[in-house]
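What follows is a group of structures, each given as structure tokens.
First chain A sits with chain B, and in the next complex the same chain sits with chain C.
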Partner chain A sequence: MVDPFFVALELVFQPYVLLVIVCSGAFGLLVGSIPGLTATMATALLVPVTFFMDPIPAIAAIVTTVATAIFAGDIPGALLRIPGTPASAAYCDEAFAMTRKGQASKALGVGLVCSVIGGLLGSAVLMAATSTLADFAFKFSSFEYFWLACLGLSCAVIVSTGSVIKGFASLLVGLFISTIGIDLMSGHPRFTFGSIELLGGVSFIPAMIGMFAISEILRFVATADHVRPQIPHQRVTSVFEGVGRVLSKYRWNLLRGSSLGALIGVLPGAGADIAAWVAYAVSKRTSKEKEKFGDGHAEGLVDASAANNAGLSGAWVPALVFGIPGDSVTAIAIGVLYMKGMNPGPMIFLENPQILNSVFIIFFVANLVLLPLGYLAIRLSTQMLKIPARMLMPAILLFCLVGSFAITNSVYGVIIMLVMGVLAFAMEENGFPIAPTILGIVLGGMLEEMFLSSMIKSDGNFLEFFSRPIAASLGVLTIAVWVYPIMTSLKGNITSQNRP
Partner chain B sequence: MKFNDAIIGVFLIIFAIIEILYARTFPTLFGQQFGPSEFPILIGIGLAFCGAVLIMRGLRLRYKNAIVGGALVSVGEWIESNAAITNFALVLLSILFFILAVDDVGFVITSFLILALLFKRFGNSFATSMIGAAIMTGATKYLFGFWLLVPLPIGQFGL
Partner chain C sequence: MKLPIKIMRGGFLAAVAAFTLAGAAVAEYPERPVTLIVPWGAGGGTDATGRIIGNLLQEELGQPVNVVNRTGGSGVVGHSAIATAEPDGYTIGVVTVEIGMMHWAGLTDLTWEDYTPIALYNSDASGVNVRANSEWNTLEDVFAAVAANPGAHKGSGAGQGSIWHLALAGMLSGQGLAPNSVPWVPSKGGAPALQELVAGGVDIVTSSVVEASGLISAGRVKTLGVMSSQRLAAFPDVPTLVEANGPDWQMSAWRGIAGPAGLPDDVATKLSSAMEKVYNSVEFIDAMNDRGFGLNYLPSAKFSEWMQQSDAAMGIVMNAVGLAK
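So, the complex of A and B:
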């Protein structure tokens, strides 16, 4: 029998897949380098195309696009002080300060190389962690899966931006949307109001396009002042000059940023943005040259730009092992895998080991491809930043329309996209994060299935949910995740009332 | 448009009540006390809880600070700009136009009209708008219609 790893190598190193990787890399760099367009939006725009691909090129396209888009966010951050993606926001001021000192090339070069190394180390963590956790995951029954999904969703709410209660409401909206359609256990239609198309549920891809792309377009037309940014007159040529010295000096920062990024990425809901903020903060706190931070010092850049790319791989750990996404992008990727009939979870290790190995290889290839493509993007950066948003936004809108239409082959997909786009816009206007909604839509079906299966097994006795050791531990942990902030808040209130 | 948390809270509670009442009409699983209504009811309870917390928070904010954040409804700066409102409405109307017209008029004409209008509206010259709309429509038709074999509607004009 042929080793699945060699089968995976054969699957990935095909001209078609490699071409997909290069094209998606270029696409990710373009989208990521345009301020306002996020890596998640890039994925959302790409998914309708991946829908028509085989699983391996589809995964390759998603992974490469996100990895390159996250790096590309550094480009406008360094040159214009506008982060291309939220993941670059943490060190945008630092990189721009380097540009003001005439070190734009160095800032981008350090960012690129650290992103590549961070991505590669994160991929190694992904490979090691999934294999280890898979054995553990085989012991899971519906009780454990129920609590794990609850824990994942709870963490996603707790770490989401803004207020926790709004994050929780956002998650419940997503879970409600996931209940629309025929209930698979009883065959009873829910919240369909006679619509035949709603019987199949709210189509995931148009919903995601609406929430991430249409809401972004609406925000652009509503708030943009449409003034062209001033691109600094600075030649970005010797990209790798001086990078070696910086990396040699801060090699431990590089290792620490990558490890921290991969670990934070594993937490559901955390992802690359938070990884970069935490890594930058840790770098500043532990630095021997704290006073140089904010004045164009490369140290924080090394930590944070390695962390955000490492975080991407980390987010795939819970996604592949348990079928529980770590962030919005892996939520989208899981949606794609489900649509292709490949349910992520421990069984994928037995049923499709070649697919799993392909994911690992794709991560390594995508991060390696980032080096030449990123170099090219830096060299072309001043041209890319000149692309006017007034040309891009209508083009993106058309792509959204066609992408949503393509999934359902009818305007039903476009209607879902419109409704979800307006909903996401209104939610964000009022401080509700939208990532928990997406996680709720993706995980709602699984959560309910595990809940009802467990209820049937326990004959309706909820105490049975705590009858197995792992389930009980996960259950207690989930409750603690909710109780701890409430207790802290109450304690704070009592202290402030008692203060004279 | 930004609503005070209390208004959102009231909306969430009303929604939750309707959702719970409707979910209670679902049948139970054969031989069980529970069924497809359980999960939606739990979601409804959660939404009602969020609504109650938001009402308390909104009212406290309104009481504490009558000026900043105290208003029940406040409009974003963009609402004060006619151009921004027009652009916002145009994007939504374009999507609605696509939904209503694409099956009858066909993909090519519908998308060309939408793109030309939006390109021009967002500040491009007439020639750029027309050429841009034609190129983008052609490229999208080729990518999705011919390459990915999506059955894009051709309408009554066969386009």
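So, the complex of A and C:
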């Protein structure tokens, strides 16, 4: 019997499939690098096309599009401060700070190479341990997710620059915004003031575009010409110049980010987004140069971009093994698989092992293709910075409007974007960081849902949060993360008081 | 990548043909792209079936059909968008079972009367799923355990007051048990609820059997009964509630195509006959069967009756189990 791995190799390495991979790669980069358009949208656009393809090219098209679109989302994030995905919001400010220092190419080059390496390592981990990881994912109930959300939220305060109190306040703003809309637990509308649109809550992507991009535009308009910070002329010598040095300096960060991404990424629902935030926070916490974070320091970028792409392949594990989609992209992919008569489930190991192997091989190839395509995209897009700001700003505004409209398919998205933009402008002018607000909006709903459903399940008994092994470990870890800074600052106070 | 172009070209030719046939007289509907609103998110069952229909309807109408997701508010946002659209046939949408539930829950004033029904195309009955290693092997075991220890076993499947919540509550009350003797743990949908079931967080999940099929074949979940009058073709081993000595109780989620109220007759007729052709096409039947979606067709007038009956039935159950406002 021929090893299914070699069958899979033969299935993937065909001119047609490779052509599909290259085309989808270019398509993914194009869609992903347009501010406001997302990887999910790119995938949904692909579905009618994949109807007419064989299973392998169909999967290849989806996988490649997603992998490249997620990286491409970093490009407007770094150049214009418009993050493409919730995951890239974690390190958007850091990359933009590098652009301000004239290092746009370096920021994107590091992001690209780390994404590729993270993606490759993530795929390797998955290939080696698909069923183990799938079993791990199925040990997570609402108790474990609750602690995971708590850990994610704690990252907000670690990640934010400046005053911890202001970071915390900003997080609370985000948590408040996440309570708007219909409450899943009771079915009650909250803070909707009779508006039908508000019933659906505050859409995340328009909020994110508003908070980052619109506030930036407002700041541009509000400052007088001569005091405006100029984005320095970028040296567009080579995208990869200096990347090698960064990578060898932070090779352990690369490995750590990738493993974190692969591990957290397999959890349905939470996945890659939390992975990037946690990786960035861990990076800052353990760094020898903490003070440089937020000021255009490449270290956090290495961790977070690697985690982002490593987590991406993780979402496919529960999808393929149990038919449980981890995010909307894999939900669409599951639909396509069903259409092709290949029902996801453990039977896929026995009936179609070559499919599973093909998915992993496609992940490898897609990540490799990302390198040259991403390089081209960076070279082309950094040209954008040569455009004078007074011409660039209106164009950005236009993209923001289109992107926000596209998410909700109504003016509602645009209104959210504008309101959040004004809010973010006011916050930043007064020294409140905005990243924690974003994280609050992303995780607030999950935190509340998981807490309440756990309380219903345990009939109101708090101790149940520590009654399961993984939940207990995560809980202890979370509390340690909270208590540690308080302890050290108390200790610091005592020593300074004791000093004569 | 070639084929879509061919289809577009086909669509273009068809449009040209239609135009020529209509001659210099008033241009016939549709003369520009049609929007199909899906009130639920990309990737879900309603989205998947909506996109299949969108593709096929495009060939029938000779104009592009754009599928647009208007999500949120437990379906209120998308359903409102369909009902309040201009009744010219250029905005239609997928209407789901929730249209007969939302107004009872006090979320909206919208009812089936705010729509021009075009066709029902799908219904999926709820299954009663438990963990594969659970000690319960029949529905009777479940009822016995619940009766002996009310409140101890938790159920899930979707949000509070959702169709799957009603499915569970109605089944319990049909069996003479209190509807809340299995407390409901709301979730975002079938997939996260099944994840909770396997992780040991809840004990019973009522959701369409199709949603659980991956886990059933994985040997992680078993389905003890299905809430329909006949066994499902795709799952012949699963007994109906009555066969499993349970109550005579049926509950299914359904999906249909509708436009805003007051659609002109010629437009409604054109859409209905196009939907009939789509429903009977091999592509549609294959696509629905492949994913395990139940096929159920009713033409315009019958669909209207169906919605009315569904609405009344939901009102009775929701009042009985205390979910109506």
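Points worth noting:
What we mean here is this: the second predicted complex is superposed on the first by the 274 of 500 C-alpha atoms of A that agree within 3 Å, B and C clash if a C-alpha of one lies under 4 Å from a C-alpha of the other, contacts with A are read in each partner's own complex, and residues count from 1 in each chain.
Note that a residue touches a chain if its C-beta (ideal position, glycine included) is under 8 Å from a C-beta of that chain, and two chains touch if they have at least 3 such contacts.
Just so it is clear, the model here is predicted, and its values are computed rather than measured.
In the superposition on chain A, contact of A:40 is made with chain C only, not with chain B. Of the two partner chains, neither chain B nor chain C is touched by A:10.
When the two complexes are overlaid on their common chain A, residue A:241 makes contact with neither chain B nor chain C. In the superposition on chain A, contact of A:23 is made with chain C only, not with chain B.
By the touch criterion defined above, A:199 lies against chain C but remains apart from chain B after alignment on the C-alpha atoms of chain A. Shared-chain residue A:176: touches chain B; no touch with chain C.
Of the two partner chains placed around the shared chain by superposition, neither chain B nor chain C is touched by A:295.
In the superposition on chain A, A:331 contacts chain C only, with no contact to chain B. Within the superposed three-chain model, A:140 lies in touch with chain C and out of touch with chain B [touch as defined at top]. Touched by chain B in one complex and by chain C in the other are residues 48-49, 52, 185-186, 409, 452, 456 of chain A. Within the complex, the chain C residues that touch chain A are 1, 3-4, 41-44, 48, 51, 55, 68-74, 76-77, 80-81, 105, 107-108, 151, 154, 156, 159-161, 183-188, 191-192, 194-196, 198-202, 213-215, 217-220, 287, 290-292. Listing the residues of chain B that touch chain A in their complex gives 1-3, 8, 12, 19, 22-23, 26-27, 29, 32-36, 38-40, 43, 46-47, 50-51, 53-54, 57, 76-78, 84, 87-88, 90-92, 94-96, 98-99, 102-103, 107, 111, 114-115, 118-119, 122-124, 132, 136-137, 140, 143-144, 148-152. Those residues of chain A lying in contact with chain B across their complex are 48-49, 52, 165-166, 168-169, 172-173, 175-176, 179, 183, 185-186, 188, 190-191, 214, 217-218, 221-223, 226, 390-391, 393-395, 397-399, 401-402, 405-406, 409, 411, 414-415, 417-418, 421-422, 426, 429-430, 447-448, 451-452, 455-456, 460.
Per the touch definition, chain A reaches chain C in the complex via residues 20, 23, 40, 44, 47-49, 51-52, 138-144, 181-182, 184-187, 189, 196-197, 199-201, 203, 268-269, 318, 321-325, 328-332, 334-335, 338-341, 343-347, 408-410, 449, 452-453, 456-457, 459, 468.
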